[in-house]
Amino acid sequence: MIQTTKRIRITIPADAEFIDVVRLSLYGLATRMGFSFEEIEDMKVAVSEACNNVILHAYTQPDEGEIELTFTPHVDRLVISVRDQGTSFNFEQTVKGVEPLHDKEIHELKAGGLGIYMMQALMDEVVVHSGAGTEVILTKLLSHQGGKTHASEANHLSGDIHG
Amino acid sequence: MTNPNLFHIHHEETDTGTTLYLIGQLDLSMAVHFRSVVEPLAMNADKTLTLNLRDLRYIDSTGLGILVAILKVREEVGQTLIVEDVTPKVQRLLDLTGISKFLRPVPDQTAEQKGGAV
Amino acid sequence: MIQTTKRIRITIPADAEFIDVVRLSLYGLATRMGFSFEEIEDMKVAVSEACNNVILHAYTQPDEGEIELTFTPHVDRLVISVRDQGTSFNFEQTVKGVEPLHDKEIHELKAGGLGIYMMQALMDEVVVHSGAGTEVILTKLLSHQGGKTHASEANHLSGDIHG
Amino acid sequence: MTNPNLFHIHHEETDTGTTLYLIGQLDLSMAVHFRSVVEPLAMNADKTLTLNLRDLRYIDSTGLGILVAILKVREEVGQTLIVEDVTPKVQRLLDLTGISKFLRPVPDQTAEQKGGAV
């Protein structure tokens, strides 16, 4: 029903107050595509992590820049791009240091550094382009084992009569 | 576990009447579907037609326009349209547009509180 | 908390499938601004009417164009612009014919023509620019009689401790 | 009638301990506020500190990072952090990041089903 060439673009100020609007939009699109609630939660967190990073790391002046998001629904996946025009960073270098806390002792813990790890753990693909600013491209596949849920979602989409 | 906003219709049929429960958001994306379901039923003069709006979470001019079209069809076949369990949110739009006065409320439930539809 | 110069831009295909995403974004922004639920419902319907009109009337080819929305939060109001690049129309002329159904008999009813009436009834101001396409500018004031609700909303916004 | 997503904290104090109910979405916009509330409590070694997450609808690395910071503070003052009524959604993120193993579940409620936190 939602075709592959169409997309939604959302631009928000690089301000944490606006990230919830992005999550709500994502929720609206993803339910219509037939994603399960768990998949949608995964995407909400991953996209928020990308936005958090723009707000925390991309712009030197607080409340200056913008975050540009593009949601492109495909038949079998949702591709989400999160772009900023801020200072860039070396993703390959950074990603090497990225790790969860499973093997740590409590005194070794640091409070930060979980964002990129979570994006990678929650999405099927994470690609980062850094140059004039940063573009993070997050991809989530529509799972096929979830076919039952999706069929019933699709019913609601096409509005079939129940009962 | 489904998105409560996605529109669907629950259909209940008795010997004397049909009740459609409209569930979720009735907007432009669902208008053609809704119309295709309700119009044939509206043309049947032998049965009452009731729309239960308890779980209708959203409606705009698209859906209201279909209600108007259905009202006219019911009038033509010498029947009425019963609309029941209207939430305040939806009632407000029915009042605002003036559609309320054409709807026959269910006597026992809504007549007193909503007051004075024909 | 949400400052006056910031804004959200959303571009969707002129396709009814995507309007719910706009409503969800609006809900997210408007609750944070402290609008009451009734005011938010009013805005959801009004913005949807503007989008419906773009989809139904602006573009000759179905599924061709886009709808550009801008949400600009001010201290005392939310201003929403809905723009298309489609065929324009004479708003002043059209608005004269706009009326609700209160004084009609059932046989006089027409199924259409409620959209602009509802926008005007539900918003505090509706301005339409027509030229290369159409821009509908919808304004909703943060009501002051609703101060009690807003104060408690604002508490949640600033995250005050309850209890 | 409030947006259930807007974050706030409900605070319960007894002679022996403090329980904070985290309600709504804990994201970057609420991180500073949450930290300012929870950190002073974490430094108090004389009282237990419990976070009730029953109504926590969303958390991301921002909130999880604060949990980690609080864990460290509790460790330093020779205490633990009790986290109770964790929903599956939040549990998943605690497991994914490896934070689970540092949290002490409430014995009677979550010990068996969640299994094996230290």
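Just a few scattered comments:
When the chains are written out, they are named A, B, C and D in that same order, and each has its own residue count from 1.
The definition used in the following text is that contacts are C-beta pairs under 8 Å (C-beta built on N, C-alpha and C of every residue); 3 or more make two chains touch, one makes a residue touch a chain.
This one's a predicted model, so the numbers in the text were calculated from it and none came from an experiment.
Comparing chain pairs A-B and B-C, the larger number of C-beta contacts belongs to B-C. Ranking all chains by how far their C-alpha centres lie from the centre of subunit A, first place goes to B. Note: centroid distance subunit A to subunit B, computed from Cα atoms, is 39 Å. Taking the mean of the C-alpha atoms as each chain's centre, subunit A and subunit C sit 27 Å apart.
Chain centres here are Cα averages; for subunit A and subunit D they lie 24 Å apart. Shared interface positions of subunit A, i.e. residues touching 2 or more other chains, are given as 17, 20, 23, 28, 32. Residue positions 5 of subunit B each touch two or more of the other chains. Every pair of chains meeting the touch criterion is listed here: A-B, A-C, A-D, B-C, C-D.
By the touch rule above, subunit B contacts subunit A in their complex via residues 1-3, 5-12, 24, 30, 33-34, 37.
Subunit C contributes residues 16-17, 19-20, 23, 38, 41, 44-45, 48-49, 51-52, 55-56, 100-104, 106-107, 109-112, 114-115, 117-118, 121-122 to its touches with subunit B in the complex.
Against subunit A, the residues of subunit D that register as touching in their complex are 5, 25, 27-29, 31, 58, 60-62, 64-66, 68-69, 71-72, 75, 89, 92-93, 96-99, 101-102.
Note for the complex: subunit C touches subunit A at residues 1-3, 6-13, 15, 17-18, 20-21, 23-25, 27-29, 32, 63.
By the touch rule above, subunit A contacts subunit B in their complex via residues 28, 31-32, 36-37, 149, 152-153, 155-163.
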